[in-house]
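I have a structure I would like to understand better, so I am pasting it below and will then ask my questions one at a time.
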Amino acid sequence: MLFRQAGIFHTDYAADRAMFPIPLDRWMVGVLLALGLAAPWVFSSLALTSYVMPWLIWAAAALGLNLILGWAGQFHFGYAAIMGIGAYTAVHGVRAGIPWEIAVVLGGLMATVVGIVFAFAALRVKGLYLALSTLALQFVMDWVISHVPAISGGVSATLQAPTLRLLGQQVTSEAGLYYVALGWCLFVTVFMLNLRRTALGRALVAVREKDFAAAVIGVQSFYYKLVAFATSSFIGGVSGAILVFTFYHAVTPEQFSVNVSIELLAMVIVGGLASIIGSYFGAAFILLLPGQINQLVAWTAKLMGADIGVETLAHIPQMVYGALIIGVLLVEPMGLGKLYANVRNYLLVWPFGYARK
Amino acid sequence: MKKTWISTLAGAVMLLAGQAALAQKAEPVRFALCYDLSKAYTFVTPQIVQAAKDYADILNAKGGIQGHKIEIIAQDHGNEPQRGIECYEKLKREGVMIFDTLSTPVSRAVLPRVMADGNILLQSFVGRGDAIDGDVFKWIFPIGPTYWGQVANDIQYIKNYHKGSLKGVKVGFVYPDYAFGQEPIPVLKTLAATEGFELQLYPNPLPGKDQAALWTQVRRANPDWIITWNLSAMHVVAAKEMKRNGIPMDKLISVNWFNEVDINNIGAAEAKGMKRGTNVVGGQNHPLIQQILKDLYGKGKGNGDRKNLDDVYYNTGLAMYSVAFEGVRLAIKQGGWPLTPAKIKAGMESLRNFDANGLIAPVTVTAKDHGGGGKTRIDMWDGTKWTPQSDWISAYGDVVEKVIKEQSAEFAKTSK
Amino acid sequence: MDLTYLLELSVNGALAGLMYSLVAMGIVLIYKSSSVPNLAQGSLVMLGAYIVLAFSNGLGAPMWMAIPLAMAFMFFAGMGIERLALRRLAGRPIVMILMMTLGLDIFLRAGAMTIWGGSGRPMRIGISDDPLFLGPLLLNRAYVVGAAVTLVLFAVFVLFFRTRRGVVLRAISDDYMASWSVGISVERGVALSWALASVVATTAGVLWGSIQSVDQSLSTLLLKGITVGVLGGLDSLGGAILAGILLGVLESVASGYLDKLLGGGSRDLVVAAVLILTIMIRPHGLFGRHDIERI
Amino acid sequence: MTATPTQVPDEAGDEVLTLNNVEVIYDRIALAIKGVSVQVPRGGMIALLGANGAGKSTMLKAVSGLLAAERGLVTRGEVCFMGEDIGGLAPQRRVKMGIVQVLEGRRVFEHLTPDENLVAASAIHGSRHDMARNRDMVYTYFPRLRERRAAAAGYLSGGEQQMLAIGRALMTQPKLLMLDEPSLGLAPFLVAEIFDIVRRINREEGLSVLLVEQNAVAALEVVSHGYLMDNGRIVMHDSAEAMKKNPDIQQFYLGGAEGRNFHDIKHYSRRKRWLS
C-alpha cells in the first residue's frame, strides 16, 4: 500500500490522465526534483561534475533514442553521429559569433535535417536491415567528420568549445554548468512524459506494434516514423551540443564514434524499451558502472590480498560489465525499467498481494 | 591532579602535531596514470605502468625523491573520454597534481581541464605535437620528440643515405587513416616540396589489419623508402605483406611504436633489415634496468611479468618516468615542500641535458619549449637486436616549428 | 588504365573477400537456423584463435592436433552459449537479441584479455611468406590458402545440408512450429548451428590469426562479416561466398583507384555504400529469401 | 436439444486420447478453453467442429505440446495419451509417443522438396530403413506427391501441400493423427479426395484420427463421432449421424441457415454459453 490507489477518486478526466495519478509517485518526483535542484550542495564536487551531470545529459540522449527505439520501434545504430552533428554545428556556430542558445538550437536543427535524411534512406526497410543501414550511415558520418578538416578542426582533430554563455552571461561554475544540463534533461523528460499521452505517442506505438496494421486504421506510418526520427534527432543534437559545452569542453570525432552509438543503444535496451525511468537507469548502468566495478574489483583484490596485475585488474571489470548486460537481459528482457515497474506493481498492492490473484 | 591532566593533554597535542609533521614529511609525490589498460592501447600501457612502478620502487628503497616516497596510481579508463575525465577529476580532488593519460581521445578530452585547472599533464611521445609550445600549453609536458620531429628526422636520415639530395627519391607513407596516422602528413608535404622528393600516401582504414590491396599498390609504385605509422598488429600485417610482395625489408622505416612483441610475431629472422625511428634506447644494458632486474625481479618483487622487461615499451616507460621523477626532484629542490603544480612546472622547465643515463637523447626543457630538443635516431633490426644507424638527430627544426606554431596558435585562438 | 594492375587488385581482393566470407558463413549459419544476427561472431573468431594457441603453446600440442582440438572445444562452447544465453530470449524482439549478442561480445573479448593479455601472439601454421606469382600476377599466398579453405568448407556445408541432419536444420530454418509438430527438436538444431558456427569461427581465427597475429582486434572482423552476410542475404551460404568475392574486389579496386582522389579511407566508404545500397535495393541480399510479412 | 455427452458409447480404457476438464490460458491472462473433456477411441475417427476462434486449435496444441511455443499453458485438468498423463512433456517426446498434429495452414517446409520434407519429419525415428518404408507408404497414399518429389514444396498447389503435410505427419509413425482444418482454402473435390485418403489411412493403418474442421458437412461424412466446440467449451457431443440431423447443427454449420442472419448466430452462441 505504499503506492496508495484506494481512496483516490478522480472526478474529472484531467485528474485521471494526470502525469502522476498516484500521490506517492508525485511525492517521489517532488523529492527527486528537489534533490536535483539542491544537487550542487548535496553532492561532492566530484560526484556532481563527473557523475551526476554527464549522467543527466546521457539520460536525455538515451530518452531521445528511446523515442525511436522504444516508442516508434525503429532501430537506430547511428545516434552518436546525430549527437556529433549537433555538437559540431553548435561549436562552429558559437565560434562564428552566434549566441549560445541559438547555436545550440541550430545544432539540434542540423541534427534534425541529417536525421531526416537518414530516415528517408533508412525507413524503406525495417528490423535488422534498418539497424544495419543506420550503422552504415554512422560510418559515413564518421568519415566525413574526420576527413573534412573544416569540420573536425585541423590535424589533431580537436575543436575547443568556447565558453558557455547563457543569455550573455558566462557560465563556468560547476553548479552553473550542472543547472544547464539539468534544465535540458528535465525538458526532455517532461516532453517524453507528455508524449505518452498525446496522439503522436499513441500513433508511434501503433506503428511500432505493426505498421501495416497501423496504416489500416489510418495512421500514416511513414509520416510518423519520420516525425519520430526528426524529434529524436533534435533531442540527440541538442544533447550532443550540451555535452560538449558543459562536460567535454572540446569536441573530437571519437566522442561520437560507433561504439558510442552502441553504448547509447545499450543504455536504452538495458534500461528498458519505452521506459522513461529506465532510460535514467540505463544511462547510469552503462556510463557509471564500469568505473565503479573497477574500483570494487581493485578494492576486493586488495582485501583478499590477491596480487592481480594492473592489466588483469582492468579487464575483469569489463568482463563483469559484459556479464551484467547478459544478466539483465536474462533476468528481465524488458530491462531495468521493467524491474522497477515490477517492484512498484508489487508495492502497489503490498501488503495485500493476494488482491492481484 | 589537574596539572597532570593538562600536561597529558599538552603531551597528546604535541604528539599529534609531531605525527602531523611526520606525516607531512612522509607525504608521497603522487603520479596519476589514467591509462587505457583494457581496450585499444593494451599493447603498450601495461609495460609502461610496470616500468613506472618498478622505477618508483627502486627510488623509494633509497628514500624516494628528496625524502618523499613516490606513489604510482594506475587506473583504467578503457579509452573512453568520459571515464578518463572521471579519473582525472577524482584524482585531482585527492590532491594529485601530475597526470598522464596516454590515449589520444582521452588526452584530448582531459587537456582543456588540465589547462583550466593548472595541473601537470605528461604526454611524452604521445598526444598532440603542438603541445610542446610551452607558451600556449603551459601545463602540458610532451617531453621528447613529436611525431612531426620524428618524421622529419626520418627524412633527414634518408637524405643522408642519398648523400644529401632527395631529388627523384620516392618516399611512400603508409598510415592508418585517423588522427595518429594523419599527423605527420603536413610535415611530409612541406618537406616533399622543399626537398624535391616524391611523396606517395597510402592510407589504410581502421582497424588497419587488412592491407592486401595497399601493398599491391606499393609494389606497383615501387617507392625507394617506406615510412609506416602503424601500431601493434598492423606492423605484423605490413611486414608480412611486404614479404609476400617481395619488397625488401630494409626499405622500411617504422614509427617508434614498434616493439619486440611485433618482431616476435613477424619472426625475428624475417624482420631483419627493417628500421625504426627510435626515441628510447632498447635492450637491457642500461644500468637502471640491470638494477631493477637484480633488486626487484631477482627477489621476486617486480611489478609484473619479467617478460615485459624485454620490451622496448618498458624502456619507454622508464624513460618517461625518469624524466618525470627528475623534473619533480628539481621542483622540490628548488621550491621545497609542499609541491604545487607551478613548482613542478618550474622543475620540469629546468631540466638541462637530461638523458636518463643514456636511455634517451639529452633533453633540455624550457618555458618556451616543452619538447626538449626532439631528437630521434634510426635503429635497424639485425635479426637479433636493434643496432643504431645514426646519431641522435633533430632535423628541419624550422619546418617542424612552423607546424607547431600554426597548430598551437589555432588552439590559443579558440581556447579563449 | 593498367590492366594487370586492375586484375591483380581484383584477384587479391577476391581472395581476401573469400576470407571475409569465412566470417560471414558463421553468421549465416546462425541466422539461418534461428534468425539471430550474431554480433558476437567476431569474438568467436578471436576466441577460436586463442583456444588454438592455448592447445599449441599452452599444452604443447602440434598445430595439426591443436586445431581440431580447438574446433571440438569451440563446438561445445558454441552450444553452451546458445543454451545459456540465447535460448531464453527466443521469441523476444530482435533488439534484445542484438543486445545480448553485443553483451556476449564484450564479455568474450574482456574474458580473453583477462586470460591472455593484450599483446599479440603469432599463429604459425606454416604458410610461407615468399611471393607467389601466377604469370604477371602476384598472389597473396596466405589469402590463397584462406580462400581455398573457405571454398572447401563451403562445399562441406553444401554436402552436409543434403544429409538427414542437414535437412532437419534446413527444416528448422523454414518453420519452427512445423518442425516442432513433427517432433524435430528445434532447440537442439539451433544449438547445433551455434556449434557449427563456432567451428567455422575457429577456422577463420586460425587463418586470420596467421595473417595478422592473434589479439583482441580479430573480433573487429565482425563488421566485414556482417556486411558480406547482408550483401549475400543473411540466410544464404552461397550468397555469403559470392558477396565476399564481390565486396573484396570492390574494396580492393576502390582503394587502388579512389584513395588518391578522396585522400584515403575510400574502402570504408565503399563498404558503407554497398551496405546501404544493398539494403535499399535488395534488403534480403543478393540470394536471401524474400519473406512475406503477414499482418 | 441436448448438450450432455451421455449418449456416447463409454468404452472406458480403450481411448487413445482423453482430455479431462482441460483449461488453457495464454500469456497468463487470456483464457482460451475451459473445462474441455474429449475422448478419442482407439482406431476411431472423431471430428471436432466449431467456428473460428472457438478454441479448437488451442485444444489440439494442448495435446501436441505446441502450446508452449505460443506462451500458452494448461492450467487445469489432464491430457492423457494411452492412459498416461502427458501434460509436462516436450513436443518431440509426444511425437515419439505417437501424437502428431498437422498444423492449420499446411505449413510445409517451403524451401525443401517434398522428399526432403519427408526426410526431415523422419528425424524422430532414427533408422534409415523405417524412413524408406514410411516414405513409400506416403507415396502410395499420395501418388501425386511422388510425381512432384523434386520441386520446392513452396511451389506445390494447396491440395498437394495439404497432402504433403499429412504425409509428413505420417512419417513420424503416429498412433494419433490430428488434422487442423485440412479443408481450408481447398476446392470441394480436393477436400473429398483428401478426406477419403485419411479415412483409408484410418482403416488400413489402424490410426486414430482427430479431425478439426469448420467444414462440418465434409467432416461428418467421414467420422463416427463429433464434438461441437464454441467459445472455449464443448457444447455438444454425439454420433455423426445424430449431429447431421440436429436442427441447430443444420442451421448453423451445415448450410441450412437460410434466412438467419449473423445476429441470430450470435444469439445462438450466447444461448449455448448460458446453457453450459
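For the reader, a short list of remarks on this structure follows.
The letters A, B, C and D name the chains in turn, as written, and every chain counts its residues from 1.
To be clear about the criterion, a residue touches a chain if its C-beta (ideal position, glycine included) is under 8 Å from a C-beta of that chain, and two chains touch if they have at least 3 such contacts.
Here the structure is a predicted model, which is why all the values come from computation and not from measurement.
Comparing the centres of all chains, each the average of its CA atoms, the largest separation from chain D belongs to B. Look at where the CA atoms of chain A average out and do the same for chain C: the two points lie 33 Å apart. If each chain is reduced to the centroid of its CA atoms, chain A and chain D end up 51 Å from each other.
If you average the CA atoms of chain A and of chain B, the two centres end up 37 Å from each other. Listed for chain B are residues 37-38, 42, 45-46, each touching two or more other chains.
Each of the following residues of chain A touches two or more other chains: 311, 315, 318. Checking each pair of chains for touch leaves A-B, A-C, B-C, C-D.
Those residues of chain A that touch chain C in the complex are listed here as 69, 75, 121-122, 124-125, 127-129, 131-133, 135-137, 139-140, 143, 147, 210, 212-213, 216, 262, 265-266, 269-270, 273, 311-312, 315-316, 318-319, 321-323, 325-326, 329-330, 333. Every residue of chain A that touches chain B in the complex is listed here, in rising order: 44-46, 49-51, 54, 95, 146, 153-162, 247-250, 252-255, 287, 290-291, 294, 309-311, 313-315, 317-318. Residues of chain C that touch chain A in their complex: 37, 85, 88-89, 92-96, 98-100, 102-111, 113-114, 117-118, 226, 230, 234, 262-265, 268-269, 271-273, 275-276, 279-280, 283, 293, 295. Put simply, chain D touches chain C in their complex at residues 64-66, 69, 90-92, 94-96, 100-103, 107-112, 116-117, 119-124, 131, 168-169, 171-172. Interface residues of chain C facing chain D in the complex, by the touch rule stated above, are 91, 164, 167-168, 170-171, 173-185, 289.
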